[in-house]
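Below is one structure, written out as structure tokens; comments come after it.
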């Protein structure tokens, strides 16, 4: 993008998402911007990160020389384990997810509908290779699903929409969206803007959203 | 019983059962006489004993002073663990049983029918406390089920019968019976005597059996 | 800082309400959290549904909880061990309910409850009275019965070591039902022989990750049920 | 004496037949038994159904097995990782079949296969295209889809240490699918970095008990997939 930065950048979106995570939470982070959340635990809080490939107590990327290609996160990036971590196999790991033991999951999105429907695994294009990973397990099993996403696609289309046109990952699962422009809650009345990024006003966000927004 | 010992005693029945266990087998032993089988592994063979309360590689009773009340078998008797043993939780333990990974199970019986039906958990008496333990899991999941039992009850009734009158543990599951009088296989034609205990003849066994026996 | 320790066994069980479903670890005395059970008796919660492989021995631990009329229903596989008198007496009088479940089905139902599996099929009990009234389905030529996942409000379990996150390891066959019960309960309460610093347990050997644990109390020198039974002790 | 060691990676895979279902451990390169996969390519078995979370990277390991046209069907959750070109190419040409399974459903189906559970219900994928054609059942007010246990003829996995009984421990997140695949396969073949004496592995820390393992070959210094991919290596 050649245009000037407006709203939050990727790091700031991750930092903003981290602020909503209560002390003591068990949190799973999706691939992409959500992976960065691990860096921004607010002072005075302790959060335990779960990665579905078999680690509870995931830390940030390793120092140089400390890398182990067999210590990775769900995005296959090198990570570390905190003191007090544990390793387990895939079925046990997804028992944590599907059994409702993870408190919060922060995911990326292709589309979020105003009823909380999430599409983040397929465009439905018959020529594309379908790939789902753990996304459907996460949205079915984790108590609170939040999304971090650019407000619009690379081509400028809204990602927050009245109804998803892409195949669903889960129905009615998203409770909050942190975009580059705003923090938006999914409510029974629809999308409600609860916070605007610095320098961004409500109308600017509304213009880039595929359905009506509610002001706080 | 005041009468003279006829046929095999309990230790001899266990020893006889042990002779049928191939080298390298994974074996689960039921409560009672079957527990004694662990003592009689034939020379030159190695057998791994599983106890459903979470141990693979069970050894015999501990030496005095080596007892740990938290190292027990399914009959809640003190046991030991061999070098190369492993501990696991109950669901993993029954995955070994129910997933078909245990080769042989040696159980006690109240009745065995000539079609292989086994009754060993309840007399069906409505006043009795029903108790099933792991018996139904074992007969449903283990490849080969053998029975060690006295040929007749304390009151002299046959335990090998045409049809079980007690509630079943499993239908058509038993392949071999080692009684105090004989080794008997369950075949498509019925019970077949494959070995007689020393000093016991076919007619003696037939008289104490609730259905027709086939001579080898 | 996360620290799941509580101050006493009494604090640990303080929120257990009348009518709660309580899973209690242990296979016989191996793994039985006897101090937590005794604290639960002191606490007084009643009309409990208790899930345990057995029904206790003598007049201590689980048998004492039953004897003190706190248990409305037992879900178990083997309610009549040696030295088990309390449950059989009440059962014969019709004063306690029993749901008899094959041991492997019990373990798998608890694991399923903890893993978010609401129901599954199993070959165990097909063709027996314990399958009566249950859905039977033929899959690839074999019959299976439908069994449902089992969850609980509370689990009381015993560990060898625990850290402040709730990571647990166990001792030998005392492990038995504890890991799956910790998964299946809304609130998991642990009595541990030893409490260790975070990081002291190798992440490779943790059996129960802390996510499944809520409260920890150290009982360094737990009572031994078999000794109490042999001495004919009665609790309280 | 029980000793599950074999003489070479080639001996280890020698019985894998055309048309076999083969589970291959690993999440990306972590846990991928690359020497066993290369031996399988050399061995030549074809028309395989392969179960793995991904479809390999570059032109080595699983990607090379696919590129050499040995795989008729992939069962996986995420077939298009970074550096994954081989599978997408063949898939677009219609030359390889794909069964796409959510990652947790895949893990649970494998675990179910190993545990003797022929089918179970799960909330995952309800209301999505991946639930199409599947039985949906409402249990206690929520919809679930029916999924079937998954078994295999062979599993190829990688461990950190193994003993002659087949007891295994793993390294960090290389554990991933290996323990459940070992349970679900008729024959489980292990490449281990280290082979140790029986009794050297503490019975409390064994992750895969030997009952689930059939053949063991030591590969002390395995190839690193990411390095091979970076160097644009092609196997064979």
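Just so it is clear, A, B, C and D label the chains in written order, and each chain counts residues from 1 on its own.
Criterion: a contact is a pair of C-beta atoms (placed from the backbone, for glycine too) under 8 Å apart; a residue touches a chain by one contact, two chains touch by 3 or more.
Values in this document were obtained by computation on a predicted structure and should not be read as measured data.
J.: I need the common contact partners of chain B and chain C, sorted by label.
T.: Shared contacts of chain B and chain C: D.
J.: Tally the contacting C-beta pairs at the B-D interface and at the A-D interface, and name the larger one.
T.: A-D
J.: Would you mind pulling out the distance in Å between where the CA atoms of chain A average out and where those of chain C do?
T.: Taking the average C-alpha coordinate of chain A and of chain C, the gap between them is 36 Å.
J.: Report the inter-chain centroid distance for chain A and chain D in whole angstrom, where each centroid is the mean of the CA atoms.
T.: Between these chains, centre-to-centre, one finds 28 Å.
J.: How far is the middle of chain A from the middle of chain B, if each middle is the mean of its Cα atoms, in Å?
T.: Here chain A and chain B have centroids separated by 55 Å.
J.: Where in chain C do residues touch at least two different other chains?
T.: 108, 111, 115-117, 122-123, 170, 172, 203-204, 207
J.: What parts of chain A, by residue number, touch at least two of the other chains?
T.: 55, 81, 87-88, 91, 94, 97-98, 140-141
J.: All pairs of touching chains?
T.: Listed in label order, the chain pairs in contact are A-C, A-D, B-C, B-D, C-D.
J.: For the complex, give me every residue of chain A touching chain D.
T.: These residues of chain A touch chain D: 51-55, 68-72, 76, 81, 87-91, 93-94, 97-98, 122, 127, 129-137, 140-141, 167-171.
J.: Within their complex, state which residues of chain D touch chain B.
T.: So the residues of chain D in touch with chain B come to 1-2, 111, 113-117, 163-165, 167, 183, 198-199, 201, 203-204, 206, 209-212.
J.: Quick check: in the complex, which residue numbers of chain C touch chain B?
T.: Checking each residue of chain C against chain B gives 27-31, 53, 77-82, 87-88, 91-92, 98, 100-108, 110-111, 122-130, 170-180, 207, 224, 226.
J.: Looking at the complex, which residues from chain D come into contact with chain C?
T.: Contacts found on chain D: 108, 112, 115-123, 137, 139-140, 142, 144, 148, 169-170, 172, 202-205, 207.
J.: What part of chain A is in contact with chain C in the complex they form?
T.: 23-24, 26, 46, 48, 50, 55-57, 81, 83-88, 91, 94-102, 140-141
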